[in-house]
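Taking it in order: structure first as structure tokens, then the write-up.
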Amino acid sequence: MSRLLEVRDLTHSYLTRTGEEVEALRKVSLEVGAGEFVAIVGHNGSGKSTLAKHLNALLLPSTGVVFVDGLDTSVPENLWEVRQRVGMVFQNPDNQLVATTVEEDVAFGPENLGVPSAEIRKRVDEALAVVEMSEFATRPPHNLSGGQKQRVAIAGVLAMRPKCIVLDEPTAMLDPKGRQEVLRTVQRLNAEESMTVVWITHFMNEAAQADRVLVMQEGRIAIEGSPRQVFSRVEELKELHLDVPQVTELAFLLNKAGLPVSPELLCEEELVSILVDKLAG
Amino acid sequence: MLDGITLGQYVPTESPIHNLDPRTKIISSVLLIVVLFLVEGFQGYLLIGLGILGIIAAARLPLGFVLKGLRPLRLILLITLLLHLFMTEGREIARLGPLVVTYEGFNKGVLMTLRLGLLVLATSLLTLTTSPIRLTDGLEDLLNPFKRVGLPAHELAMMMTIALRFIPTLFEETEKIMKAQKARGADFESGKLSQRAKNLVPLLVPLFVSAFRRADELAIAMEARCYRGGEGRTKLHTLQMTRADYLAILLLTAGVIVIAVVF
Amino acid sequence: MNVEKAIVVRNLSYTYQANTPLASPALRNVEMEVLPGQFVAIIGQTGSGKSTFIQHLNGLIPTGPGRIWIDGQDIGLKGTNLKGLRQKVGLVFQYPEHQVFEETVFADIAFGPKNQGYSGELLVEKVRRAMGLVQLDYDAFRERSPLELSGGQLRRVAIAGVLAMEPSIMILDEPTAGLDPKTRDEILEQIARLHSETGMTVLLVSHSMEEVARLADLVVVFHDGAIALQGPPRELFQRDAELTALGLGVPQIIRVMKGLVNQGIAVDTRVLTTQEAADQIIQRWHKNA
């Protein structure tokens, strides 16, 4: 897997209104391979969103470097290249759609890039097809459901032909159905088009679908590993007041009580079949 | 809240008028407005009125619907009529107590009311047959030459687009905040005018706070999608003048000149 | 006849934009009874009618042909005192922090009781009590600007703004939406404590089965404008097939326990927490050993 994103010793500090200096990120280092699906979890204020904004040069490092596809984000000439290669989807579905119809909104990115009209048309149609929103092309966005709006936002990013999508809590304001829609869309992009995905979320069942999970705490990466590895550290996660999938927590409790069950478990079928082995007979 | 107002709301149907380039329609509207101010006399208005009826028919708009759009303006039209009717000096034709109706007043009143009505109809035809996006595109393009004298054509168009996009969202939000404050015992419906204005504070403050938050987030989202002003920007829908457009402008210009010269 | 019930709803229907081509029915023949002090969770997908339903309960939407009694009083009658009703039925909307408008925490929480006519010492007392109920320190927070608060604190201020009116019925529309897990747990704990300390009747609208499992006495499932299922959480979660068909699903642990039963392992599936589930399995394990 070739390296698409590289973050080295990234520190981000800013001044508050009262003049205090706050470090939102402290010496964070991270690599994301092309085609990888990375989930970032952590509390509000843990630095997740700040990190996300560095990946598309919306913020620039105080110290340290960020490379996107080999491009240093702090070099001004690289700015638009970087933003084209890393698309961002934000939390509030309403506040990222610009235009009065779905297709005009999806066209917004390529229009900014100066793509010829015929090519924009092609990209818009393709992007809407990928997120399964083609039939809504000429509708105004405000009547769509939250999940549909987020899919339009994803299409708007896809139309810029990025190599990576960074989604900053894209499901936080959605209902369970909307969450499913958005997660499935992005999973499909990752699986079928090898799109690199950085998915920031509070919902652990979403993080469990990733190739790799990073837990952020106070501007640092506190825990990192495969979902199984990360979630099996139940006590640490609880200490950070983060959720653990119920199955993992149950396996952890059984393990602690002396049952031969590994806490590195994520899905219920797995746990059931293990328990059936141990309990039957 | 504003459900009843149909004045100028875009009606998405297929028609030769809908298909015209928005620039054609903007120019045509301006021409119609100019001629309405040049002409004085019933015959001229009659012709213009017939012309507008023709356009309504060609646009496949139900006449009743278009006329209903005038309803919010009925009070203004009525006042225009009455003012002229009673305030013009001249030959008396009727008397209502102290009020005198003169021949000249009657003439002028009807003419002014007609002019105003036709003016509104002509401009509402533009928005009835042109989607807000195409209208914005057309305006931007027509204003482009004025960039050299410092007119921010692209920025104006972008502002219009964003306003159109967020008006429904802000309406919904208004309704929601209103309900939330009502649930806390707020009263938006009764009291004296000054009191009522004061009562709006719990509605307006959150609305502004939210609008600013939205603006902030939207700006970041736009930047993330490589927005950097109008320079070097292309468009999904480009404007293309067709033969129909030139024909329409030619016809209209000819008609306008004839009416202006004859009447 | 309905005096002993906190809420009685009979035959409630509602259509948005009735008599227009855009008419869409939001509620169909909803019937519900809530006892004083009960903790009721209302679950359903977006558009299932939950929000429309709760707005009826404090008169924000007029009752129409159906009937609603709050503490035995028919709120659909002409001349019903809406202000009085809204005092009795506190409604916390989704993202309530968006409705905070005053310059200080105190002033914003005081808005409700001030509208009820309270002032001076009594007003201060009400605000102090409300802040205590959501565990905001009165002296530390009363003069602070809402703009300086964290999301979770601001949401507590907004909830206190409704509590300050001292309602006997508290309705919360997705009070944890958009919060991170820590803040979410804090808010849920607040609500649970509120319920047990004051004995208030609580209606909690939620998307999350896991969230309501531990809290509610009764879970009511809305679907397509009607009540599709209801029951105490332990019993209701047994109907996992029906819940799944409604697009809702049940907590993971219930699926694990049911999976075990299906494979012939006798455990009690009526569990609500992971600890309960673990205890069941451990017990079973020791029996085998």
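Every chain is named by a letter (A, B and C) in the order it is written, and numbering of its residues begins at 1.
Rule of thumb we're sticking to: a residue touches a chain if its C-beta (ideal position, glycine included) is under 8 Å from a C-beta of that chain, and two chains touch if they have at least 3 such contacts.
Keep in mind the model is a prediction, meaning the values are calculated, not measured.
> Using the contact definition from the top, classify how the chains connect: line, ring, star, complete or other.
complete
> Weigh B-C against A-C on C-beta contact pairs and write down the one with more.
A-C
> Using mean CA coordinates as chain centres, what's the gap between chain B and chain C in Å?
Inter-chain centre distance comes to 45 Å.
> What's the distance between the Cα centroids of chain A and chain C, rounded to whole Å?
30
> Tell me, which residues of chain B touch at least two other chains?
Residues of chain B touching two or more partner chains: there are none.
> What does chain B use to touch chain C in their complex?
Touching chain C: residues 173, 176-177, 179-187, 201-202, 205-206, 209-210 of chain B.
> Contact residues on chain A for chain C in the complex?
43-45, 91, 145-146, 172-173, 175-178, 202, 241-243, 245-247, 249-250, 253-254, 257, 259, 268-269, 271-272, 275-276, 278-281
> What residues on chain A touch chain B, complex-wise?
56, 58, 80, 83-84, 87-88, 90, 92, 94-101, 103-104, 107-117, 120-121, 124, 140-142, 156-157, 160
> Can you name the residues of chain C that touch chain A in the complex?
Those residues of chain C that touch chain A are 45-46, 150-151, 177-183, 185, 207-208, 210, 247-249, 251-253, 255-256, 259-260, 263-265, 274-275, 277-278, 281-282, 284-285, 288.
> Going by the contact rule set out above, which residues of chain C touch chain B in the complex?
On the chain C side, the touching residues are 55, 58, 60, 83, 86-87, 90-91, 93, 96, 98-101, 111-112, 115-116, 161-162, 165.
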